[in-house]
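The same chain A turns up in both complexes below, where it pairs with chain B and then with chain C.
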Partner chain A sequence: MNGSSMGRRGAGLILGAVVLAALVLPPFYLSGYWVRVITGLLMYGALASAINIMVGLAGYPALGNIVFFGTGAYTVAVLMVKADTPFFLALAVAGVVAAVYAALLGAAVLRLRGAYFSIATIGINHATSELVTNLDGLTGGGRGTIVPFFPGSIEAERMFFYFLMLALMLLATGTVYLISRNRLGYGLRAIKADEQAASVMGVNTTRYKVLAWTISAGLTGLVGGAYAYWLAFLEPPYVFDIVMSVKVYIMAILGGAGTVIGPVVGAFFLELLSELIWGRFLEAHMLVLGIVVVLVVLFVPRGFVDLAGRLARALAGGSASRRAEGVRSDG
Partner chain B sequence: MSQILVNGLLTGGLYALVAVGFSLVWGVMNVVNIAHASYIMLGAYITYWLFHLYGLDPFLSIPVSMAALFLLGYAVGSLVLNRVVRFGLVMTLVLTFGIDMILQNGALLLWSADYRSITPAYAGQGLAAGGVMIPYVRLAVFVLAVLFVALFSLFLSRTRMGNAIKATALNPFAAELNGVRIQRVYALTYAIGAALAAAAGSMVSVVYTIHPQVGNVFLTRAFVITVLGGLGSIPGALLGGVILGLAESLATVTVGIGWSEAISFTLLVAILIVRPQGLLGKRFFGGVG
Partner chain C sequence: MVSEPLLRVEGLEVAYGEVQVLWGLDLAVAEQEVVALVGSNGAGKTTTLKALAGALRPRAGRIVFEGRDITGRPAADAVRTGIVLVPEGRQLFAGMSVHENLMMGAYARQDGMGAIRQDLDWVYELFRELAKKRGQLAGTLSGGEQQMCAIGRGLMAKPRLLLLDELSLGLAPVIVDRLVEIVTRIHRERGLAILLVEQDLNVALAMAGRGYVLETGRLVRSGAAEELLADEAVRAAYLGM
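Showing the complex of A and B:
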């Protein structure tokens, strides 16, 4: 017993070290193209983890969550362009602005459930995008805005954004891990299972939901802010993009909404696939992506983590029944 | 001022037709059909090509586009959607989003992003009365759109199939016990929704310039109208369509054309919060969800 738990801890340490190495080493060995691709994977991993707090833990399909990405991106852009704010300060403000926006909206919008909630979030995304487009004195409007370039060599820039996105992904995934083992996580799961019952049991559902959305939005806003600096050019349709929003949602579902690591796995899988499709079918890549979306819903509606679990159980079940048969034949 | 009201009313009629199929599918099947946008677009392109290749009058091609989209809708409904309906509304929303991506980008590959328009011989003519100008085309579209909505309403209340659809909307389980084949009703409802979208699309192609993304703008309207009027409610779709048409028409002159979507969606979110069953709606599936 003791030995096996020691062994398990050893295996865990080794696995952790391998994962850490796999995350830290790539920018030192891979070509610029692949470093950029993996930076994108990390970004989507962070976004999928952030939306997972709403979709997976609280069971609220925040399909328009990309609104906080755009809000964060434009906060960084405006602060850096109009007020010469240093990047990290602007980034911190972006997270706060997005979180506050969600907190303000949440009190009203989180009274809606299911599809009504998801449509309201899509509506908020459209309206915010149009607001940003119309405030063109501040945001550059439909012409877009140029964010100050990263001051440094191309190699330094590559490293900077790789590790920035890695940090954000670890932050987002770590947050999901912490929430899921904390009072907030238990409350959210109760809400997901049956909101009325949770409320009767004394969970302050409104406070929990608003808090969850605030955290999710803050993280999404941080990623948006980082993206603005990485991309160096912003236009409202780029950062309030509903296709991107649905893609992130699909990533969370594909990996396994509600699990800690699932959405990251889903994000890596789908974004890598999307990158390969992009390379191979430049013209038709959105079409192929649509086909992938349909196939995911048809064949993996509960996600990879669930699929892996069922496969493992099926295998274990198979060997257990074989053992049982063995015992019987022995007896 | 009266010109603004007339414009709003004429647009509102078309909006009602755009919304009614969307509202039906949502109210009966509990499916938010994002692909509705593509069905509108395909209807518009069918009319466009029949006009340009064969000189067919755009109003005469409406039955063709409806029939084609009915078949496509039936295929999608029975082969794809019926397998996923039980996973709930958000999953079907994502699924139809995927279908929409396929159709829209397929159209983009086939027909490019070019803006196209139909100009029949009578395009520029109109009726002038009391300082108000009413183009014949827009008047015809309005009358036809309202007629289609009325006919569809009769179909639901007077035919066996229509009654089966209504029964399924109210309670699928009870309907099944009474011998209604739910899967078939779903496929048929979805096909009718697509055919209505095609009719709207054919008319869109006469009034507006079209391109592969043309349906998206109308989808957002269909959302707003459905929520405004109530899921599955036909009078609600008419009322919602006219209200939205008038609101946009007024907004265009008062605050500027760039704000129309923001206004639609603010209206949408406000109504969702204040009266989620819509102005004329009963609680179908949506109230549960």
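Showing the complex of A and C:
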């Protein structure tokens, strides 16, 4: 047992090193186009991990979670444009603003369950988008706003945003890992399985749900803030985009809601697919998205990670039974 | 009864919106006592247990536990005061293993892993079939095993008062007999106070020393188990026997 667990640990270390290299090396070797594509993958990985805290861990379909992305984006824009705030300070404030927004909303909205909660989050997203559009003097309203450009060469900019999004993705995924292994994670799983049973077992369900949403929103707000600086031009429909929200939601489900790595896998898969194939179907890409959703629900309802696990078990089981047959035929 | 009982309920009224289902309920459970709450469908039995566990907020009345007024505090706090509900229909955490379900029972405990492990061993000894299936997902257990898991989860919370809702619901008579035997054993070994709700009068009064009969939200009779069992009026009018 010792030997095999050490072997497994060794394999884990090697795998970790390979993954790390695969994440760190690309911007040094790939063309500008591909670095930009992968920066986008990392951003969606971060967003999918952030929504996973609500959808996967707590079982709350926060379909309008993109509201915190937009909130974070506009916080960074307003602070940088109106107050000359340095980017990283503005980014930190964006995370806090989004988190506080969720905490305030959560006390009211998290009384709703299932589809009702989902609809409420979509409504909040629309309301917030309208608010930002109408706060003309502050946000530039419907005309949009230009965020100060990154002060450096194109190469430096490329590197900067690549590693910024990588850091945010690792932060979001790391947060999911930590939550799923502590008391909060167990409480959330219990809420997901049966909220009333969780409460009669001593889980303070309201506090936990609000906490989960606050963390999810804070992470989403950070990514939105980074996106604002990356894109350098904001308009409410860009960052309060419900289609983008649904896409992130699908990524989390597709990869495996509730698992640590699944949503990142789902994000990479769907974004890469969109980049490689949908670019050639500009007219029909929503149709393709719809078909992917239907296929996912039909064939991988628990996501890629679960599917991979089942395949691995089936293969291991198959070879074990073959070995057993071999033994029998020998005897 | 001169000394203060473990649980005292006075004038409890509970409503779901406009529809009131409990009207001025009074009841008491002493230390180490097993009490049954019986009555037909819709009498308000489950509502009573939910109100005691904090899952429903009463409209009026008082709930006094160990001399303290605990009316209206939330469910998560009820567990900490020692009132633990084993809900109707089990309500296990389907996506978690048997072991994780049992450990969820100990979620609110502060008395350390040593004490929790001891109780876990005790639960596995009470329900040997669970020990064999500790890694299995709770949703895939048979009905009887699920009920065992739910009772085990309740015991893991280290209750001072265990609320058992419809223990026998949907289970084969053989399994019900087994559960009755185990509940009796739990009571004997730990001196645990139990308030149980049953539609099946015989099952209820096989475990309980005393009973209350509810009819459409009002208390209509109470007394020793054998008295109630012998009472033709109770059997005929309230239990359809």
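Everything below uses one rule, namely that the second predicted complex is superposed on the first by the 320 of 331 C-alpha atoms of A that agree within 3 Å, B and C clash if a C-alpha of one lies under 4 Å from a C-alpha of the other, contacts with A are read in each partner's own complex, and residues count from 1 in each chain.
The working rule: a contact is a pair of C-beta atoms (placed from the backbone, for glycine too) under 8 Å apart; a residue touches a chain by one contact, two chains touch by 3 or more.
Note that this is a predicted model, so its numbers are computed, not measured.
S.K.: Label the relationship between chain B and chain C on chain A in the superposed model as either fit or clash.
M.R.: With chain A as the common anchor, chain B and chain C both fit in the superposed model.
S.K.: Just checking: does A:294 make contact with chain B only, chain C only, both, or neither of them? Give me first, second, both or neither.
M.R.: A:294 sits against chain B, while chain C stays out of touch.
S.K.: Identify the partner contact of A:205: answer first if only chain B is touched, second if only chain C is, both if each is, neither if none is.
M.R.: After superposing on A, A:205 lies in contact with chain C but is clear of chain B.
S.K.: Just checking: does A:246 make contact with chain B only, chain C only, both, or neither of them? Give me first, second, both or neither.
M.R.: Only chain B; A:246 stays clear of chain C.
S.K.: On the A-aligned overlay, A:197 touches which partner chain: chain B = first, chain C = second, or both, or neither?
M.R.: Second partner only.
S.K.: Is it chain B or chain C that touches the larger share of residues in chain A?
M.R.: Counting residues of chain A touched by each partner, the higher count goes to B.
S.K.: Which partner does A:187 reach: the first (chain B), the second (chain C), both, or neither?
M.R.: In the superposition, A:187 contacts chain C only.
S.K.: Using the touch definition from the top, say if A:23 reaches chain B (first), chain C (second), both or neither.
M.R.: Neither: A:23 stays clear of chain B and chain C.
S.K.: Rounded to a multiple of 10, tell me what angle the C-alpha centres of chain B and chain C make at the one for chain A, in degrees.
M.R.: 80
S.K.: In whole Å, how close do chain B and chain C get at the C-alpha level once superposed?
M.R.: 11
S.K.: Across the two complexes, what residues of chain A are contacted by chain B and by chain C?
M.R.: none
S.K.: Please output the residues of chain A touching chain C within their complex, sorted ascending.
M.R.: Those residues of chain A that touch chain C are 183, 186-187, 189-190, 192-194, 196-205.
S.K.: Considering only the defined contacts, which chain A positions touch chain B in the complex?
M.R.: My answer: residues 61, 63, 108-109, 111-116, 118-120, 123-124, 126-127, 130-131, 133-134, 243, 246, 249-250, 253, 283-284, 286-287, 289-294, 296-298, 301.
S.K.: Spell out the residues on chain C that touch chain A in their complex, using ranges where they run on.
M.R.: Going through chain C, the ones touching chain A are 53-55, 74-76, 78-80, 84-85, 87, 91-96, 100, 103-105, 107-108, 153, 157.
S.K.: Quick one: which bits of chain B touch chain A in the complex? Just the residue numbers, please.
M.R.: Spelled out, the residues of chain B in touch with chain A are 32, 80, 83-84, 87-91, 93-95, 97-102, 104-106, 108-109, 220, 223, 227, 258-259, 261-262, 265-266, 268-269, 272-273, 276, 286, 289.
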